[in-house]
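In the two assemblies presented below, subunit A is common to both, partnered first by subunit B and then by subunit C.
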Partner chain A sequence: MIRLAQFFTAFSVLLSWIGPGFALSEVEMQQMLRTVDDRQRNGGDYKALCYIETKEKGKSDVVYDAVVYRRDIDDKLMILFLRPKTEQGKGYLRIDKNLWMYDPTVGKWERRTERERIGGTDSRRADFDESRLAEEYTPTYGGAEKLGKFGVHKIMLTAKDGVDVAFPVVHLWLDQTSGNVLKRQEFALSGRLMRTAYYPKWTKLFSESKNAEVWYPQEIRIYDEVEKNNSTVVLIREVDLRSLDANMFTKAWLESKSR
Partner chain B sequence: MFSVFFAEILIKIAIRNLFSAKLKSLILGSFVFAGTILVVVGNSLLDSIDDSMSRSIVDSFSGHIQVYSDSAKDELSLFGGMIMGREDIGKIDDFAGIRNELLKIDNVLSVIPMGIDTALVQKANTIDVELAELRDAVRTNNKPKIQAKSRHIRRIVGLLEGELKNLDNVARTKDRQEDEEHIRRAASAVFWSDFSQDPLAALEFLENKIAPLSLESQDIFLRYIGTNIEAFKATFPLFEVVKGNAVPNGRRGFMFNDFIYETQIKHKVAVRIDTIKKARDEENRMLATDEELQQLVRQNVAQFKEVAFQLDDEETAMVRQHLKDKLNLGTDEQEFSIILQQFLEMNDDNFSIRERFFYEYITPHLALYAIPIGGTLTITGLTRAGYVRNVNVPVYGTFQFKSLEKSALSGGQNLMDMMTFRDLYGFGTADRVEENAEIKKEFGVVEVARENADEALFGGEDAAIVSDSATTGFDEFKNVDLQGAQRYTQALLERIYTSDEINTGVALNAAIMLKDPTRLDETVAVINRVSQEKNLGIQAVTWRAASGLVGQFITLVRAVLYVAIFIIFVVALVIINNSMVMATLERVREIGTMRAIGAQRGFVLWMLLVETAAISLFFGGVGAMAGSGLVLTLGQVGIPAGADILVFLFSGPRLYPFLAPIHLVIAFFVLLGVSVASTFYPALIAMRVTPLQAMQEEE
Partner chain C sequence: MMVTLAMSFRFSCKPIYMARIAVFVWTTSTLVFHTWLQSPLYAETPERREEQIFGDETDPKNEKSQQDVGVPPDAVAPAVAAPPFDSIAAEKDMFSEDSGNGEAISRSNLMSLGEDILQIGGQLYLRSAYVIQEDAAFSDNRFLMPNLLDVYFDARPNDRVRGFVRGRLTYDPTTTGAATEPYGSSHDNPDVLLDQLWLKFDISRVVYATVGKQPVKWGTSRFWNPADILYGQLRDPLTLFDERTGLSLVKLHIPVESLGWNFYVIGMFDDAASLADVGGAFRGEFVWESVELGVSAAVRDGVKTKFGVDISAGIFDVDVYAETTVSLGVDKPVLKLPEGVDPDLVEQAAGLIEDLIKPPGVDENDTVVRIAAGLTYGIRYSDEDSLFLGGEYFFNPIGYDDKDLYPLLYALNIAQPLYVGRHYGAVYVAMPQPGSWDDTSFTLSAIGNFSDFSFLTRLDVAIRVLTYLNIEVYAAGHLGAHGGELRFGTDPLQLPTGDTVPAIAAPMVDLGFNLKLSI
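On to the complex of A and B.
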């Protein structure tokens, strides 16, 4: 499967050499999306130390030091805030279609939606979760472009029926050489541009459970296109692919960390 | 020149002419009569409403004057402004210092700190609430509670299973099949017999697979005033506690406005029944003919689960028995949900009995209010610094503003202690700001402007986008104490704050009560001058300006009234003018004859003026008396406030208008002006009539 993915990536790279005006077929685009998804997915567990910094005009910056846990095999995700002190112990837990938020200062769980701004920043749950582009969206080709010095494919994505995503329309700029996502624009159903995100640095790490490399964006820069003065930077500082405790993705575990 | 003799003659002529053309006089007079009544009654009503509305606003929470930062981006609007979202009215950093300065001004009686904001409260769905309580019972190993809650949740699962079975079988999607499997598992005896073996795993299953099938949660936006509640109570005479108690002095706490408590926090089925009762009792509306009330009944029937989910097995059996015994509803074979729907299908014949039954036999088993008095309210706010802040605050009771209990406008504000407000509003303390700065410094993120992000991030020669990592893992909990936030908030709830502590710190605005309210504008000017001289950084506005659109309402209505009066009098003026012109043309011979026997032009002018004045004064006088009588009568019986907005404007359920001499003076001058203006042109024609013209007139 992995070899097949690598073959298709190489094939798409070859196509990009043939000429920038060459349009990708739907099958090729699907394959590119699957490659993006597969690269970021780990067969086992995933743990990442993240730093989130949000700027808003007229306000002091919001900063978080957080840890993200993922168990890709059953689509579970957990975000736990470590710093600053007033935010310690707060967390998000995604199980199936439920996104929960826990606040130890009030000792309560609340249901949140896909549109939740994580910790009040411009980031969404999907920014920390595994990539599910092929599963959630249908692609159409937008053309070959230049992004800085990189040749990129622009692919327009529309959410599939019945899939709950934060943004129903997404435009992606994929590096023609590596296949990585370099830029992403997200739109509301009305067509209004909501966010622009950049992924200027990708890091790969060998995973024993996957027996292949796992890719992650080391840096995500998100610009709010509605509140033009707002922006968020997410740094994924360190990733740990060792197995996590079996009972970690539960309310009980998250609660126990701050009790 | 103008002797009594002439005056007598002029009056006699005027009276003769008026009586000789009775119909014309009556038509003219009726316009003057109606216009005068409108001037007197309209002005009286508006002044009375202005007076009562000012009581509604000043004595409830605005005070006579409001002060806020002079560098505010938006204008202060106590009832919410035109801006979607939050108004930015800046902040008063040192409220205690500002208060001291303001109290030195002789007409200032008291200064109350305030901070008005909106926060989110989530009303969770019943199954989530029950599951949270079961989780709590499991955590504390409270076995009786575990058993009771398990039974209740099992019953809810049973209801959900029934509901899923009744759905159209055509739409059996893959998700639906999975849902059915989950429900079957949760309803099975095995699931509950095994519950005690691994309760947390069972809870996770119920919370994530079953509860989403019944999502009926609701987000409520609560507007609140953070204030020194003790001082607020003492300052605003309309404040009164309705349920529970006021927040004890110095404690953190929350008080719901009773209007919000009864309409938004109360059980939805109960609110609908209350609405129907009010419509029937107070507005004489009937279920048989009123589409809106019928819609409420339909909603109650459709949402019977809101009652059924809250009853456990024992309570269901009790309610079932009562329905059978007292209302003869349902048979032993019928499902309870069917009987409940039959009960909620109310009409004019059974409404009164069923409404009483609902409160007597059903509500004792329901959580009638989502947040009970004595309970804890979790409020979510977005701090000014951008963090999402949740605070737990004890609910001590509900309050209302006397006589305004039915007004949605005055019912829009809840009360919160000043310390919780400051936490929720999120003014970072010095140590928090310092900690954030340290974290930022540690990571040193370089800012990239959005305009040239493409080039800055991907254009450089060294733009390498792929690197390798060879981490061996990390321990995220090293040197991290995650219990800190919880300890901090628990300690806060137990503290009792002194008045000095409450006054020290940030407020967004402040209410000022005056010793002599008639010196309102003067005092506003003094405060603004003192603020400039001492560089206090505040601006003062009257209660009317601070009330935004609500405060401008009376000005708007007064403008509409004046336009209406103007139109009536312009019409009157044209008609009187035309009538007088016609009358003058008919009287050319008479006027010419008068001129021939020595009447001067001035005499002719006065003759017409007196005629018009006589009509105006007579009918105007009668109109003024009728208007005064009407106002005085209404002042005794009162005008009922038919709509909720009128309760606020009338400062109570009835308006008792008063008559002020100024209203009669205004009416007199308006009449005088109309009389003179309408006589001007006919008089000009009459003055030009010569004896020669009169003699040339044909018989």
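On to the complex of A and C.
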């Protein structure tokens, strides 16, 4: 019996080293997160056209057209809604630790938290911003799994102390081959599952400022796990990594684009 | 029974019937299966969702591309931003057999050809209010419908030049001819106003100019904005919509993005018949960590010089804000004539009126410091919902300690709502989109004038229906001292001019119902 137990232990250890599903060490997981962050980080400026479609139970679907501007070197982010006309001019501006929302109908800026639903959709600020997983979370390994045809590593993340994030617990499914995020589940502090997001399409383009390639998801499908029938799809199009104009990331600039 | 069953079985075993049954079963099962596939029960399961997105491992026909998720990295086509020019790749792209996939001109640039540089839109705001007054019969209570239509023309030939015009039509169908306020002031009904008329452009992307009639709002407070020093008329905190029209300005904005700072230099041209009447203002905005600071000043001939400071900071779940204004003297009130009062008589009595309405202990040359400060505390009561508790205090040293002079102030239309008393306070609870009510928000607020001890409590409910239609409903109760600002009523009043203005009944309850649509 003891021999049998010893055999299974040795076999398990062997499997953990030779199989694709071997457990990742914390150092390896940190490296994977840094890779995910670095591949999406530009180091310069970033502009993308986003279409955001929301589906809610009992309501007609709404499609938003927004432009996302980033100046990664300063951690600045701006989201400006262009369409539909009723939302035109609404915007978000992140400078340092401040996230402000501008509502042109009342002409007022208000501070918002990381939990803010961008434009009332299921998306959050982090969906449009550069990835900061390694800075913000501590990983633990959840095992090797299959996601459709893809072999994935499941990594469970817990927010570091003092870091303000929308969700304190995140589960990530990373493609074992490319390292890209394919699935992401976000949990409240109570352990309740809040959102599930899928990243079925990734692409890249060359960045002169980074002198390397920058990866971005072309599509994010977000499912509200609280209001089960609500979902949001974000399509990221026309990513442009050329330098943006100076003096853009200000409240006044965003106000000047609204009514 | 057995015979019947046996006969029907023999009958149904005939080939023609067997074929019909087979067709029926196949069709029915296909329909049921198809319906099930379309049903939320099937489509919404996480497993099915992932199978649709990432492919079914067991299905060899599934063509979900490895390239989509980034494998292999080199196989992915370049996107919009151009890499360094590669002549071989470019020639291949243009002249190879599978050429024509790339876009020589970006889609957004092509789409811009089809866009009209002029956009027309606006807002339709249908408002109705019912005021239940003390000692008034139910049928005699006041009913009003101050409807409003804003229409704008917005021209953007490119992203550096913009022209904007917004006009406003107000119309109250409950009155005919001129609309009359409680104390007799009137305006045309319907009435047309110019809200905004401005041009915006930049100078080398360093200085951003806005020239013309434009809205400006300074200050951080929720209810009282003493630091909004450019406007002579401060915003009524009880209105859901800032009805003040724009100011005629030349505004130069100089941002320093690297520091998060902004500077504004402003020329003010309202009522400037000569160069000497042109006013000037300055403002600086500074961001540091989670603190934002604004410093401003305004100078104009005939108006006391004013300085303003406003600050806001996010500290954990608490937003703290404060604003103050320092005025080098007390501005004389601009007397507005009640309906039917002889202008000459008012002019003759102006000195007497100014003496009468001067707050006790306030001299025209006093330096006046007005302060508003408050905080908002966000409390998470569920995984996705928060409620916000807030409080604000306002000190107004040029306000009135008691209510004795209110009738005269109101009769002359110089009482600015919620800036009449010396001490004010407000508390509120806001619940945006509680639970599954994602289109509904509740706000319960209470405002008090602590100088005359009159109070107002109000419940606001905002609901969005049919995706675009906003409904606002409110109910407010007037409490505290009779004749106080928030429960104001008076007997007939004789003006120093000899004219008499009629009595006004104090309000008890206000009910409101508004519909708002962006068009």
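Here, the second predicted complex is superposed on the first by the 239 of 259 C-alpha atoms of A that agree within 3 Å, B and C clash if a C-alpha of one lies under 4 Å from a C-alpha of the other, contacts with A are read in each partner's own complex, and residues count from 1 in each chain.
Criterion: a residue touches a chain if its C-beta (ideal position, glycine included) is under 8 Å from a C-beta of that chain, and two chains touch if they have at least 3 such contacts.
None of these values were measured; they are calculated from a predicted model.
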Clash or fit (per the criteria above) of subunit B with subunit C on subunit A: clash
Touched partner set for A:51, first subunit B, second subunit C, both or neither: first
First (subunit B), second (subunit C), both or neither touched by A:246: second
Which superposed partner A:190 touches (first subunit B, second subunit C, both, neither): second
First, second, both or neither for A:201, with subunit B first and subunit C second: both
Subunit B versus subunit C as contact partner of A:62, first or second or both or neither: both
First, second, both or neither for A:148, with subunit B first and subunit C second: both
Which of subunit B and subunit C A:159 touches, first, second, both or neither: neither
Which superposed partner A:226 touches (first subunit B, second subunit C, both, neither): second
First (subunit B), second (subunit C), both or neither touched by A:104: first
Doubly contacted residues of subunit A, that is, touched by subunit B and again by subunit C: 49, 56, 59-60, 62, 85-86, 95-98, 105-108, 111, 120, 147-150, 175, 178, 180, 182-183, 196, 198-206, 221, 223, 228, 238-240, 242, 250-252, 259
Residue numbers on subunit A that touch subunit B, as the complex places them: 47, 49, 51, 53-56, 59-63, 65, 67, 80, 82-90, 95-98, 103-111, 119-121, 147-150, 175, 178, 180, 182-183, 196, 198-206, 218, 221, 223, 228, 231, 233, 235, 238-240, 242, 250-252, 257-259
Residue ranges of subunit B in contact with subunit A within the complex: 122, 124, 128, 132, 135, 200-201, 203-204, 207-209, 212, 215, 217, 378, 380, 382-388, 390-392, 428, 432-433, 435-436, 439-440, 443, 445, 447-448, 450, 453-455, 457-461, 463, 465-471, 473-474, 476-477, 480-486, 488-489
Interface residues, subunit A side, partner subunit C - complex: 49, 56, 59-60, 62, 74, 85-86, 95-98, 105-108, 111, 113, 115, 120, 146-150, 175, 177-180, 182-183, 188-190, 192, 194, 196, 198-208, 213, 215, 221, 223, 226-229, 238-242, 245-253, 256, 259
Interface residues, subunit C side, partner subunit A - complex: 40, 44, 46, 49-51, 53-57, 62, 64, 66, 68-73, 76-84, 106-108, 119, 121, 123, 152, 154, 162, 164, 166, 200, 205-206, 208, 210, 215, 217, 241-242, 253, 255-258, 260, 262, 264, 285, 287-290, 292, 312, 314, 317, 319, 378, 383-384, 386, 436, 438, 467-468, 518
